[in-house]
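Step one of this worksheet: look at the structure below.
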Amino acid sequence: MSTTLQPKVRIQREDFSVTDEIEALKKSSKNIGGLVVFLGTGRELNKGESIADLNFEHYPKMAEKKLDDIRVKAIKDFNIIDMSIIHRIGHIDIGENIVLIIAAGEHRKEAFVACEWAIAELKRTTPIWKKETTTKGEVWVQSTP
Amino acid sequence: MITVKYFAQLRQMAGKEEDQFELGPQITLDQLSDAIGSNLPKIGELVRDKKIMVSVNFDVVASDHIIQDGDEVGLLPPFSGGI
Amino acid sequence: MSTTLQPKVRIQREDFSVTDEIEALKKSSKNIGGLVVFLGTGRELNKGESIADLNFEHYPKMAEKKLDDIRVKAIKDFNIIDMSIIHRIGHIDIGENIVLIIAAGEHRKEAFVACEWAIAELKRTTPIWKKETTTKGEVWVQSTP
Amino acid sequence: MITVKYFAQLRQMAGKEEDQFELGPQITLDQLSDAIGSNLPKIGELVRDKKIMVSVNFDVVASDHIIQDGDEVGLLPPFSGGI
């Protein structure tokens, strides 16, 4: 388990450990009863095209600001105890982790709602772009719901 | 001075990450799109036709937003973070 | 990372690693794009009572059968790729992991629905019982929604 | 022979994990509750009054279920798994 205290919202090149991030979030409160985690990973296929690899880029400062906004709003609006959001950038292979959102609540219901809202909001508001490399070449992906 | 940042496909189209313009204390988005279009006509057109989102100082703005000298403007293709 | 291949539905005394369980499930398909995880942990308070520790017991064979049924039904009904369900029994301290459900889908929506359904169904159908030790003594907990 | 399993608070009330009864090839749940109640009157009453769920061979059954010789019966207090 990592002993360094890291910010709860991060954009980073390196992979993350889901277990370490959960254990870090658990330290927020002894009253956490339910954690809901969304983990997005690199799929091999998109609309029938075979993907060789993915590359993510972001708008520094703005992307972090939007993720911070999502975390603060989720804690306030859904009455959860805490939330972590981590998104990777750079080259990502098939099967690798891309994005992690953890919502920690006293009970499970609010954690499910907050986690599902947060990933939808991330896709809507956060300046991060995905480039897919397929057999046909490179494609900047348009938003998908 | 106004800094304009290009991202993703726009960065590839522009062939650079940013431009800087001296355009006076306050300008409209249309004036900025003309300045961008003088070197990068396709991108200038996308901005003028409101085909892409624009951020000013890290927040998305409406098309009537007035840009101040010193602002950082981001030209933002549709986001595709998450999965 | 664990190299032993373990069943995807388990009831066990020992703790589990969320990361290891996710990585094991990822091996089901290269087409997994979204994993939704529910992790239940031991809270310090329940209805204002301070809890010293928790103890879970189960009906062997029947509990495993019900978890298997939930996994099979979730994969079939919600069109997810795979699911893991692990529940611990025996003594559990505050903050420790109790139950883990992972739903892996091509997309996130079906994974959220399947995961949330599975934990509700576990509580409804699976013969597992929780005993809380508080300052007032031991209490067998009645079902909560 | 029918095996009856006690769990959680019922196990603590019974002071044991199971009982075994020889009650013929087919019996009703009422007949079983009488047999249980001869030694554990409180538990017999809970079963007769349908205050607890009953499983037969690892599935919950309705109160009119006919129990066969060789079956395993579980007496199940309200579940409280998960969190």
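The letters A, B, C and D name the chains in turn, as written, and every chain counts its residues from 1.
Methods note: contacts are C-beta pairs under 8 Å (C-beta built on N, C-alpha and C of every residue); 3 or more make two chains touch, one makes a residue touch a chain.
Just so we're clear, the structure is a prediction, and the values are computed from it rather than from any experiment.
The chains in contact with subunit A as well as with subunit C are B, D.
Measuring from the averaged C-alpha position of subunit A to that of subunit B gives a distance of 27 Å.
For this pair, subunit B with subunit D, the centres built from the Cα atoms lie 73 Å apart. A straight line joining the Cα centres of subunit B and subunit C is 48 Å long. Residue positions of subunit C touching 2 or more other chains: 33-34, 40-43, 108, 119. Residue positions of subunit D touching 2 or more other chains, listed in rising order: 82-83. Chain-to-chain contact here is organised irregularly, matching neither a line nor a ring nor a star, and falling short of all pairs touching.
Contacting chain pairs (ordered by label): A-B, A-C, A-D, B-C, C-D.
Interface residues of subunit A, counted against subunit D in their complex, comprise 33-34, 107-108. Interface residues of subunit B, counted against subunit A in their complex, comprise 5, 7-9, 12, 55, 58-60, 74, 76-83.
Note for the complex: subunit B touches subunit C at residues 83. Taken together, the subunit C residues at the contact with subunit D in this complex read 40-43, 56-59, 61-63, 65, 87, 98-99, 119, 122-131, 140-144.
The touching residues of subunit C, when paired with subunit A in their complex, are 17-20, 22, 26, 30-45, 94-95, 106, 108, 112, 115-116, 119.
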